[in-house]
Structures are given as structure tokens and as C-alpha cells.
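Chains: A, B, C and D, in written order; residue numbering restarts at 1 for each.
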Amino acid sequence: MVTANPFLVNMGPQHPSTHGVLRLRLVLDGEKVLNVEPVLGYLHSSKEKLQEEHTYLQTVPITDRMDYLAAMSNNLGVALAIEKLAGIEAPERAQYLRVIMAELQRVASHCFAQAVFLQDLGAWGGPLMYFLREREQVLDIFEMVCGARLTYNYIRPGGVSQDVPPEFLPAVHGFLATFPKKLDEYEGLLTKNEILRARTVGVGVISRELALSAGFSGPMLRGSGVDWDLRKQDPYCVYDRFAFDVPLGHVGDCYDRFMVRFYEIRESLRILHQALEQLPPGEWKTPVPIVIRPPAGEAFQLIESPRGMLGYYLVSDGGAAPWRFHVRAPSFLNLGALNEMLVGSTVADVVAIVGSIDIVMGEVDR
Amino acid sequence: MINQFIIDTFAGVLPEWLIALMTGVTGAVGVLLFALSCALAAIWIERKLIGRMQIRYGPNRVGPKGLLQPIADAIKVIGKEAITPFGVDKVVYAAAPLVIFIPALLTFAVVPFAPGAALLNVDIGVLFVVAVGALGVMPIFMAGWASNNKYSLMGAMRAIAQTVSYEIPLVLSLVGLVLMAGSFKMEDLVLYQIENGWFLLLQPLAALIFFIAASAELNRTPTDIMEGESELAAGYHTEYSGFKFSLFYATEYTHVFAVSALISTLFLGGWGTGPVLDQVPAIIWFIAKTYLLFCVFVWTRATLPRLRIDQLMAFAWKFLLPLSLVNIMLVAVLVELNLPGIVVFAVNAVLAVVLIKGWAGLLSARGATVEQRVYIRPAAAQ
Amino acid sequence: MAGTNTGSPVFDRIMTTVTSGSALAQAIQGSFPTAVTEVYSTAVVLDASAIVGVCGYLKDAPDLAFDYLADLTAVDYIDYFEVVYQLLSMGRNASATLKVRCQGRKALAVPSVTGVWHAANFLEREVYDLFGIDFPGHPDLRRIMLFEGFPGHPLRKDFLEFDHRTIAAAAQERE
Amino acid sequence: MVGSGILGGLITVLRHVLQKPYTRQYPEEAVPLKGRFRGYDFAWSEERCTGCATCAKACPHGCIDIVTDPLPNGRYNIDVFDIDIGKCMVCGLCVEVCPYDALFMGADFALASERRWDMVQHKQDIGSRERLSAYFRPAFGNEIAVRNELRGDYTTSKGVAKPAAEEKKA
């Protein structure tokens, strides 16, 4: 075999498929990756420090900006953490609304993940836009509920900010009626595609052991066959009242992660059906003061965001602002084992693997 | 037609070499204009068609239905700053976009648009096409090498590997045609098809191989690894801007049109129509077939993901090459037996299906395991 | 949960067991008698020198099996820094919290647990970057969010003045 | 059979060619805004505002600048009420906390200016905005409202029935 001198290629921070500003310093031997070093921090805005100067209510809109593709999950996580810290309990209707929003958000986020993954593989034409169209419908529903399409600031400590408008339920039902059929169609379009299989099957394999040790979560972990979904294992809100399954991968390759996301969309739709059916009337918010002063202490709350386990570690000193506001960002940890995943693969695989991780740099750099 | 007019008018008046020169120049200019107008039309068609496939409108602002969009594009791209990056090999860097235009245009020279209407009605038309087609990789490598950019270089390297690999099944798939028609001349191939039926039907396997191999040389998805915008930014033309980039861009479409014209000549009966629709002029038929094929190229581009380089190479060497060799043998036997067309079609079609399925089954042992993956485990297993 | 919804199906409510501090201390003290310095209701404070051993033990002991490092972060309490480890056991569905304290504000060091969990790699780099706590034993301890040579550690409570000129000068020096 | 997946995909894509495009022709064909849409153009009612500056305290980024001075009747005159849209992240907290329902999210979003300081909206700008979002203003139902609805019998979300202006008179 002919070997050339290894050469260094900077993939990113401005590159079509590094999802924002991830920079990979690749050492290549021709097409083969010899070494990879992720360089982070291009989007670092020190949000954790910023939160230390805001009241608890004001921290919520700032979390919107971290994982901007799943802001509802971010809101939910921080709201639950503050509730845990301050001993607030949200009314039942609020819990249901939170579940509905979080699952709609999961559908939207996974749709986007599939779309950009396909684009990374080169199918930039049809499939990309079909998924974005479905996501658009979810965003329309969110706009109807809270007036924004991306940064919601909807789920709050003590409940949700407002009740849903009367046209909300028909809109979600309409979405649930049309979406599964289209999902079937896209699955037919994509999962049987020989080229897509050639590009994903056996690529970027993560063993079960590595996934656990490296702190992977979400579809990355379940793609490797670890049965761990916080909605099942530690049900927050009212997730224990819904029947749903946790899709698990077999090998831990890109195809498994891709398919796990597909099935998670379906399971989310199942949860949505049940949640809408059970949605009780009543109050949507416990009255909480504008300035919450939780007792001194600490709280660590994990939730299952579309990208994995999103954790908030709050330390209170009894004042109006958190003493320490730490975010356990799933994307950040999912990037942690890039070396193990990428070395030995080719440049084209780098794109496929990074695409299958589904990172959001706003969350990685925080 | 114009050439005939020139010959008729000036025959006897002017010396023969002058008439030859005049007909040559008018023909060349005609082909050039055709190719350029096709490139402009192609830009519009592709943008519109992909727009519709993506459930968008596509261009609809400039002119009626956005028809003037390619012109607006051209004006915009020419108005941009021509950047010459630091450290490039200036001569090669500037020459590459000019050179790349030539092979695509030369292909048009031997394509017969209508009976007798080929610019260069040489006896070795097929060989000419093959020779010129292989030339297309040169300017790509020039651009990639001169750009002083690692992405460009990788794109260029990929381009060479890919073109060299796909040239072989491309040529071999044409051998069957030549065997059957008994001539290298493009016009003879068309006449043979008009008489005996399209090669698409007579040799479906060869048609498939040619289609795949030719599209691989066009750097369009699923085989656009030399450009691969999600991997290599823009591959070999990463560092180009302004007018130089527009030449690359236009050439891409001219090239697709050249290949479409080739396929419609070689496999879809060229200008031939069959007995029913003979009233329509031959050239219209030819152009219609060419545009239809172009739409097929756009369609595949909008749908399919891109292959990896090693998979693409493996596909050429392990799949297309053996099949094209088998195809030659088959055709040779069939030609020797001198069977009627319908039998040839039936035999070839059945064998094509069997061969593709069997060979692909042998190669892809992996595909089967994917089908067995179950993602929702039953409750007991969890 | 407040109120019961009679219309909803009832499932067995599985929950992650939060290992209490005393249980955790008991488990650790069996093998590391001097490691635990303080015990809280849901957390134990460990001696910095024992952290790697304890973590390895917690991961490998079959009845503990904390195979997943959910989070690693630090808190600045002005008098001391606290490094917090959040552990999960996916097999047993249990969680535990470990803490290590570093007194003072200079020359802080906690042994790295990268050898136990791969996940600690990035998390420790982040803490090193933003708090300035050293992790001896880490294979590649560099700043991760900020550039090398950034003046100060932003998440420390005494990092108050954000002087653009200092940072610009540091960035220029690096160039 | 090999190739069937590719073929199926091609047919799916071809079917979409015949569908109506999903995108809209933006400047001509605007997307209908939802009632609660949070736009950048704040609207403010001087009659109702008491100058308590709760909104300014609630704003995470400190976009709102209020200067008041006391009137002889115990109320406050609002000299300055500036919102720096350039800093604003449209979280809507200022509107939520307003005890007198004097501040509204607007319904416009197409803002552009050449200078940074043009992004600061002053008292007279936000005091005369016409279209008001129903965000946190349930009295509007769920529709983008025009300012006229503000006057008259507007029941605030906090149950204060009459505007502060009437209180002033009384």
C-alpha cells in the first residue's frame, strides 16, 4: 500500500457539515483519518456565569439559547430543577402540557436531525425539505401556544406560562392525523435506500462499553443497545402514565442511531395521543413569586431531551439568583469520544458520524 | 441545413477548401451556441425541477416563471470579485476553467442531431467520444492542484481515481453496441437502432452500465464525491470565484447535456422516432430525448445520498466491470446466432435482471442483516 | 403527583433510587476507611487523594456498579472549591453524588478520574478551564472553551472584571 | 431486489413534484401571524402605566430604561420609557410581570436600522403602536388586536377593570 505524508486538515469551524462551529483538526493519510482533535469554544458565551446574575425566572429564557433546536426541553429541565430546589409543585394540567410540549419538541428536533443527517450524506434535495416541512408544522403549533417559533420561554417553574389557546387541540390532532402517513412514506424513501445503507451500516460503531464509559446519552446510547430512557427509568412529570416503548439499536452504528430516531418519533406520537386524551382541565400554573428565593441547598435534575440526558445542577445560597448554575449538556458529552469513533474511517465517514451524533453547538459551548 | 445551403450556393464559385472552412465554422458556431443555450436552459430546468421536488416554487422572480434566472445568475457571478488566493500556481489556476470547457463541447462534435447533421461525421465516432470523455479529468486535476488548498487537492485526487475507474466499464459497455451495429460511426449506430429497435431494449445491461458510468463522470450526486459539498466544501473549485467559477458551473451543465445527447444517440435511437410519429422533424425528437434524460439526471441528483469513495470504486471494479465483460460475451454470442430483435431483447432483459440480482447478492452480504434489526423489542426481552 | 387521574392507565412507577449519603459512606468505608470526610443526606464528601480509588471501586463493585458518570462539575464556595461527581448505575437504576473539597484558592488539584470513566475527559477539561482546578493524571489537560492564555477562570466568583483589553492583548500574544 | 430502495425513493420524490409548493412568496404572501406572536415592536399605554418599573426589573438584559418623577397627586410622571430592541431577546417577561397591563408585545418583526442607537424605541414610538399581540393579554382572546380595543372596557389579566387614567381622574 502506498502511504503519503500525513497532512492536517481543519474541518470547520466554517464548514458545510460541522453543524455550526465545531472544528475538527483531522490528521489525514490520503482519505484515512489518523487522528482527530475537536476544538470547541467558538460559540462559548459563558451562559453558566450569566445565569448567576439573573433571578430564577430570568434564567429560563437564557436556557432557550443553549439547545436552540429543543428549547422546550431546556425550559422543562430548568423548570423542574428550580421546582426541586424550591419545593414547588406544578398542577396536573401543567404537567400534561409539559409532556405534550416536550414530545412535540422531540418530534421537531428529530425531524431536523434526520434532515441534516441526510444532507451530510449528500441527499440535499427532496428528503431534507420534507422533514423540514413537518418540523414547520410543529413550530406553527408552538407559535400558537407561546408566540415564538424557536425560543419559547414557555415552561416555567410552577407550571407553564399560559394556558393553551382553544385552537391548540385541533391543531395537534390535525398534525397527529397527517404526520404518521408521511413518516411511513419517508421511511420508505430512506431506510431501504441502498446508498444510505452503504453509507451508514457498520460506520461509526460505538460499543456498549464505550457508550457507557464516555457518558453518551439519548439516541447515541440507545443506538448502542443500552436500555436507558429517563422517561421510563426515572419518570419526571407524568411520563409514568403513558404506554410507550424505548427503541434500541443493535450494533451502535450510524444506521442504528438513524433508525432509533425514526422510532422515537413514532413513540412520541404515541405519547402525544395519550397525553391529549388524558389532558385534565384546571390550573396551568401554581402561583409563584416573580423573584423565587429557594432555601440554600442544591438540586440535580436530569431529563431526557431529544439529544440525550440534559441535566441542571443548581446551587442556591438562599438568594434571588442561583449561586451556581451548571448544565450537563448531552451534546457536549456525546462529542467526547470522537477519537475512538473517527480514527480509521474516511473523510466521508467523518461527516456521516458527526451528522449522526446530532450535535448543537449552542449547547456544547454554552 | 445551413451547411447544405452554403455548399449549394458556392459550389463551383469558391475553391473547395474555402467551402469546407465556411461549413466548418458555421457548424462549430452552431454547436457552440447550442451547447451554451442548453447550459442556460439547464440551469433553469434544474433549479425549477429541484425546487418542485423540494416542494418549493423554484426561481420565479426574474422574468416570466423565472426564465431569465440563468441570465441574472450569470450577471451576478461575473460581477463578483475574481479572487486569486495566495500561493496558487497562477497559470494553471487561470487555465483550468478554460480548459474544462473543451471536452464537454468536443463531445457535441460527433453527435448526429439529425440525419447527416453531425459536425464531425467521423468513422470512429465512438472512439472519439471515449477519448474526449477521458480528457475531462485533466482540468479538474489542474484546478485542484493549482488551488493550493487541501480540500481542492483531495477533490482532484478523488476525481482522478473515479474517472479512471469508471472509464473502463463505460468503454466496455459501448463494445457491445459496436459489435451489434458493426460500426464505430455514430450515424451508423443510430441507423441500426432505427432499423432494429433501440439499444436500450436490445442491450438493457449495457444501457444501465453506461448510464451509471457516465453519470459518475459528471460529478453529480450520488457520485459527486469530487465536489461533495458536505465533505470537501466544494471540492476542486473551492478557491474559484467570479467568472472562473461560472465557467466551472456552466461546464457542469454542458457536460450533463453532452452525456444526455450521447445516451439518447447511443441507446434511445438518436433522431429516430419509430414509424408512427415521423412527421415531427428528427432534430426535435433528438433534443426532446436529450432534455428528458437531463431531467432524469436532475431527478437522481435531488433524491440520492452520495457514495463514499471506496464504495464508488468498489462499485466500478467489482460490479460494473464484471457485468460489462459478461455483457460483451453475451452480445457476441447473440450476434453470432443472428437472432431476431425480439428474442435478443427477451434474452438480454432476463439475463440482465438475473445478473444484477445475483451479482449484487454475492457482493452485499451485509444488506441482509440490516433487515433483521428490530428496534422495538418485545417487553419480555427488555 | 398531585391528584389522581382515574382515566389513565397505571404503571408501576419505576424511579431512580437516590443512594443516601450514609449508605454510600458505609459502602465506601468497607474498602477505604479514611476516604469519607463528611456525610450528607444524599452525598458524601471524600478526601481528594482517595477519589480515583473510590470511583474505581464504585464502578467495579457488582452491588454498586456505578458505570456511568452523569456529570462532573465544580462549585466555588469562596473558602473552598467543591468538585461534584454525579454517578448513575444503569443496571441498578440508582444515582449517587460524590464531592471533593479543595481548600483555598490557589494550587487546587483533584486526581483525574479519566481512567475510570471516559466521560471525565471533557468534563474535567471544562472545570480546569473555567475554575482553574488541576486534574493530575488527565491525559490531555488543556483549556476547552477558552483559548490558551486567557487571563483568569471565568466561573470563579472573583472573576468580576471582564476587561476586553486584557483579553485582546492575551489573544494577540498568542497569535 | 437491489435498487428497489433507490427506485422507491425516486418515485416518492417524483410524487412531490405534483404537490403544491409548501413555501410562501413572502413579501406578497405573508404568513398569518398567530395571536400570541411575540414581535419586537412593543406597545405601551401611557394612561395605564404607573412607572413602577417592574418590567425593567424583570428584563434579563436590562433593555428597559425608565425615568419617572413624582406628581403632586402621589402618582408618577413617566419622563423616559425606552426599550433597547437591540438588546432585547423577546422573552416576554416584561409583559408578563406588568401589574397594570400597560405593556404589550407588538406584532411586527421586520426591523432594521443602520445604526445601533436607532434600535432604541422611545416613549412616543411605543406609545403609538397600533398592532398588539395577545401574548399574556387574554382579554384579546387569541388574536392580534388593534389599539382601539385597548380603550373602553378592557379587562386586564390581573382583574383591574379600569385603566389607570380613569383612576387618575377619580
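One rule holds for everything that comes next: a contact is a pair of C-beta atoms (placed from the backbone, for glycine too) under 8 Å apart; a residue touches a chain by one contact, two chains touch by 3 or more.
Being a predicted model, the structure only gives us computed values, none of them experimental.
With steps allowed only between chains in touch, the distance from subunit B over to subunit D comes to 1.
Averaging Cα atoms per chain gives one point for each, and the point farthest from that of subunit B is the centre of C. The mean-CA centres of subunit A and subunit B are about 42 angstrom from one another, to the nearest whole unit.
If each chain is reduced to the centroid of its CA atoms, subunit A and subunit D end up 28 Å from each other. Put simply, the C-alpha centre of subunit A and that of subunit C have 23 angstrom between them.
Centres computed as Cα averages put subunit B at a distance of 59 Å from subunit C.
Residue positions of subunit D touching 2 or more other chains, listed in rising order: 2-3, 6, 9, 13, 16, 22. Residues of subunit A found to touch two or more other chains are 125-127, 129-130, 133, 189, 193-197. Counting partner chains per residue, subunit B has residues 53-56, 302-304, 364, 367 touching two or more of them. By the definition given earlier, chain contacts exist for A-B, A-C, A-D, B-D. In the complex of the two chains, the subunit A residues touching subunit B come out as 7, 9, 15-17, 30-31, 118-130, 133, 189, 193-199, 201-202, 227, 245-251, 255-256, 259-260, 262-263, 346-351. Every residue of subunit D that touches subunit A in the complex is listed here, in rising order: 2-6, 8-9, 12-13, 16, 22, 34-38, 54, 58, 60, 89-93, 96-97, 105, 133, 135-136, 138, 142. Considering their complex, residues 1-3, 5, 7-11, 13-16, 67-71, 73, 75-76, 84, 86, 90, 93, 97, 117-119, 121-123, 126, 130, 143-147, 154-155, 159 of subunit C touch subunit A.
Chain contact summary for the complex, subunit A toward subunit C: residues 40-41, 44, 46, 48-49, 89, 91-92, 95, 210, 212-215, 226, 228, 232-235, 238, 240-243, 274, 277-278, 280, 300, 302, 309, 311, 313, 315, 323-324, 326, 328, 332-333, 335-337, 365-366. Those residues of subunit A lying in contact with subunit D across their complex are 54, 57-58, 60-62, 64-65, 125-127, 129-130, 133, 136, 140, 143-148, 151, 153, 161-162, 165-167, 185-186, 188-197, 290.
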